[in-house]
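Next come two complexes built around chain A: one with chain B, the other with chain C.
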Partner chain A sequence: MDISMDRRRLLGAAVLGGTGAFVGATALGSLAPEAAFASGTSEVAPGAPDPDFAEGRVTGIEGTLLIVAGSDGTRWRIRVTNGSSVWKLRPTTFGAVRVGDGLYARGVRLPDGSLAADAVWVNIVNLHVHVASIARNAVHFDHRGKRIVGWVVPGTSAAVYNDTPPIADLSLMKVGSHVQVLGAWIPDTNEIEIATVYAAA
Partner chain B sequence: MAGLYGVASWFCCGNAWGPCGTAGHGACGTCNSGSYQHAWPNTSDACFAITRPDSCGEYLNRRTCGFTHYTTNLCNGRRVATQIADCGPQTDLFCGQTVCCGGTNCTWNRLIDFTPAAFSALGSLSSGVLPVLITA
Partner chain C sequence: MSWWVASLQPAVIGAVLVWAAGVKLLSRHAPAAAARSALPRLVGSGRALPVYRGVAVVELVLGAALLLPPALRVEAVAAVAVTAGFLAYLGYARLTVPEASCGCMSARRAPVGVRSFARAAALLLASTAAVVDPAAWLEALAAQPVNAIAVIAAELAMVAALSPECDAYWLLPLRRLRVRLTHPLAGASDEVPLAATVQQLHRSGVYRQIARLLSSDVREHWDEGEWRIVCYAARFRGEDVTAVFAVPRLRDAPGAVRAALVDESTNKTMQAGWLAPRPAHAT
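On to the complex of A and B.
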């Protein structure tokens, strides 16, 4: 049986059937985000919107249900279960989500139209920027003509220089250079917390 | 087209929250973060002049808006079909960037950027980059 279909059925059952379904979910293996992407081919037509993917800002939290206003006007109801992975600068739990957060989510559409989340990425951004200045605890980036402050988070922020493993030392970035920064946006600001910077050393 | 091995990343486009709020709908005017779309470095002469994949030794076919590529994540075998909706990535700024699956199945050079919907169908958005095989 296809693993991804098993996981999808269990996510749906977890939302509708209670905690008994979670025994089966862990028996299938890891609940980490990578396990949600077991081998398979997506059925969505090229160029088309993905009905199992949500984007928007959290406008309400009702128990384990996220009410999300999509940027295109769609109103999403996203159900987060023990089988869902949540990322907010780092892997975390549902309790870290706040009203006002932006998010992307992928999961399974349920008969009531809600989305049972496989994975939720809160405030995640992946920006191509120029390095304007580097301070001890922050890097200032230029993004499309606007300034973004990237906060260095001790124990979390890391840099990948060329093809080396991630390291905590961000000082090897060069002012004026072009880098890619993966991080978590701080809502309603021009600031992000840095998860990973990809740069040439 | 014979398969191309390279590095994939993701970007946001269309109306969206945060720093993506001013991203616009890409060079093709159709890009949206929730659709199965991607950016390609050689969609036009103007695009190629910016991305310069040849600087990294990559000679990519000219493909225009709406063309479909098929991309496989080398780490998990997931495959998506997406349409070109933008110009990018800026390949020449990441020449030699190497990404591997746990030390094996390594690819290099940034050749394709996906919308969040498409990238998340291949792997986790928090990965940032993936080693992929691209076919037409």
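On to the complex of A and C.
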């Protein structure tokens, strides 16, 4: 915890110009584009699967390695590193990933065939639905005739009305209206936790 | 009493059949409704619309026969055959094309569910009752007009309640009213969601300058006074660094966003916000 707090103090001071113990403003050199983008990007032939992208269900966790069964039968080994971002309803850590979760991951293929993840999105869903009814802390969605329960998570769930900036107030949603919802699926249920709802108000 | 209720059934079945036929024949969405139903699977996509309209003609003829005198047992028998056919079709649709819409009584999208089966079963039951006692419903109506209208209205209301296609006319308004009265989602905190911070960050000039360096999504974030600090992983000159952004938390000022790249292994830092010239359009 102390290490984390010290680290945050350092990073906060670095960006806000406080008295943190960073070496110097120009220590990393120029930010000119030709210098910044020196590392090449991998090229994927049109129509070919992207070797740096994985999706599937987590079947096992070995240390910081996720064993993932892809929907096309691919067996992925995904390494989560200190530099990986992990999203599960909100930015979180590797410890939040569970066997049975679904995920999408993007990263860099290593020589041993595993994928060193830059970013992992766990259980993320993106649905176009209709609001069937609204209950306390839950919104019932109709998704092509199937019912989906969307749980409102206080402090996390947000709503975007008419493309204005996201706010925490979801109460402007209307029963019967069409919305797009980003959320985290609760595995093996018809329930999601709502991250962001895009609606007209 | 039971014979009297049974004698009213031709009116209910006839009204429902004429309504269903009207939708299938007159709705300009009928071709789409036919395409969404299980008919393309059953008879082929080219024949779905003619069959859909053919069913409507059968419904219209039978419905009119049931509504108009004389009351014949053969009409009730035909109604049993048609409603049993509906039930069988729903079973077929449910088994073979679960995502198909019923297409029964409205062009609205309404997949086959428990209510569709209950409605078809209720109509089959009513038709069977009419076979048992095919008395003229107009005579039963004349004998006890108030009671007869109440029974017919109640049965039609039940059919509407069992019709997902009708939800928009009564169920959704009721739910809207409940939401207006109870405000189930009221009382949200006034905390600024992370999504709002990230959106403001995306609109900032410094983010545009270094977005291509970022390799990860948001890794962590925390609040420091009026700022929200948002961290990403980034690659800069082949080194793994942390991109740290400070975004105004309580005001919309993307021009005030600051950024720094920090090599956490050496604590070397560069503040991108004041090292690189800000493009003129980034305000």
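The rule is short, and it goes like this: the second predicted complex is superposed on the first by the 159 of 201 C-alpha atoms of A that agree within 3 Å, B and C clash if a C-alpha of one lies under 4 Å from a C-alpha of the other, contacts with A are read in each partner's own complex, and residues count from 1 in each chain.
Convention: a residue touches a chain if its C-beta (ideal position, glycine included) is under 8 Å from a C-beta of that chain, and two chains touch if they have at least 3 such contacts.
In this text the structure is predicted, and so the values were computed from the model without any measurement.
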Open item on the list: After the superposition on A, what does A:W151 contact: first (chain B), second (chain C), both or neither?
Closed with: neither
For A:I167 in the superposed arrangement: first (chain B), second (chain C), both or neither? second
Is A:D72 touching anything from chain B or chain C once the two structures are fitted on A? First, second, both or neither.
first
Going by the contact rule set out at the top, does A:R136 touch chain B (first), chain C (second), both, or neither? second
* Would you check which partner chain A:G83 touches, where first means chain B only, second means chain C only, and both and neither mean what they say? => second
- prompt: Is A:Y198 contacted by the first partner chain B, the second partner chain C, both or neither?
  reply: first
Margin query: Quick check on the superposed pair: does A:W121 touch chain B, chain C, both, or neither? Answer first, second, both or neither.
Written below: both
Where chain B and chain C land on the same part of chain A: residues 36-39, 85, 87, 91, 119, 121, 144, 146, 195-196
Residue set of chain A touching chain B in the complex reads 33-34, 36-42, 44-50, 53-57, 70-72, 85, 87, 91, 102, 104, 106, 119, 121, 123-128, 143-144, 146, 148, 162-163, 178, 180, 182, 185, 187, 190, 192, 195-196, 198, 200
Residue positions on chain C within touch of chain A in the complex are 99, 101, 109-111, 113, 168, 172, 175-176, 179, 183-186, 188-196, 199-200, 209-210, 212-213, 215-222, 224, 227, 229, 231-233, 235-238, 240-242, 244-246, 252, 258-264, 266-276
Note: in the complex, chain A contacts chain C through residues 7-8, 10-12, 14-17, 21-31, 35-39, 83-85, 87, 90-91, 118-119, 121, 132-137, 139, 144-146, 152, 154-158, 160, 165-171, 173-176, 195-196
Counting only contacts in the complex, chain B reaches chain A at residues 9-12, 14-20, 22-23, 30, 32-37, 66, 68, 73, 76-83, 85, 89-90, 93-94, 96-100, 108, 116-118, 120-126, 128-129
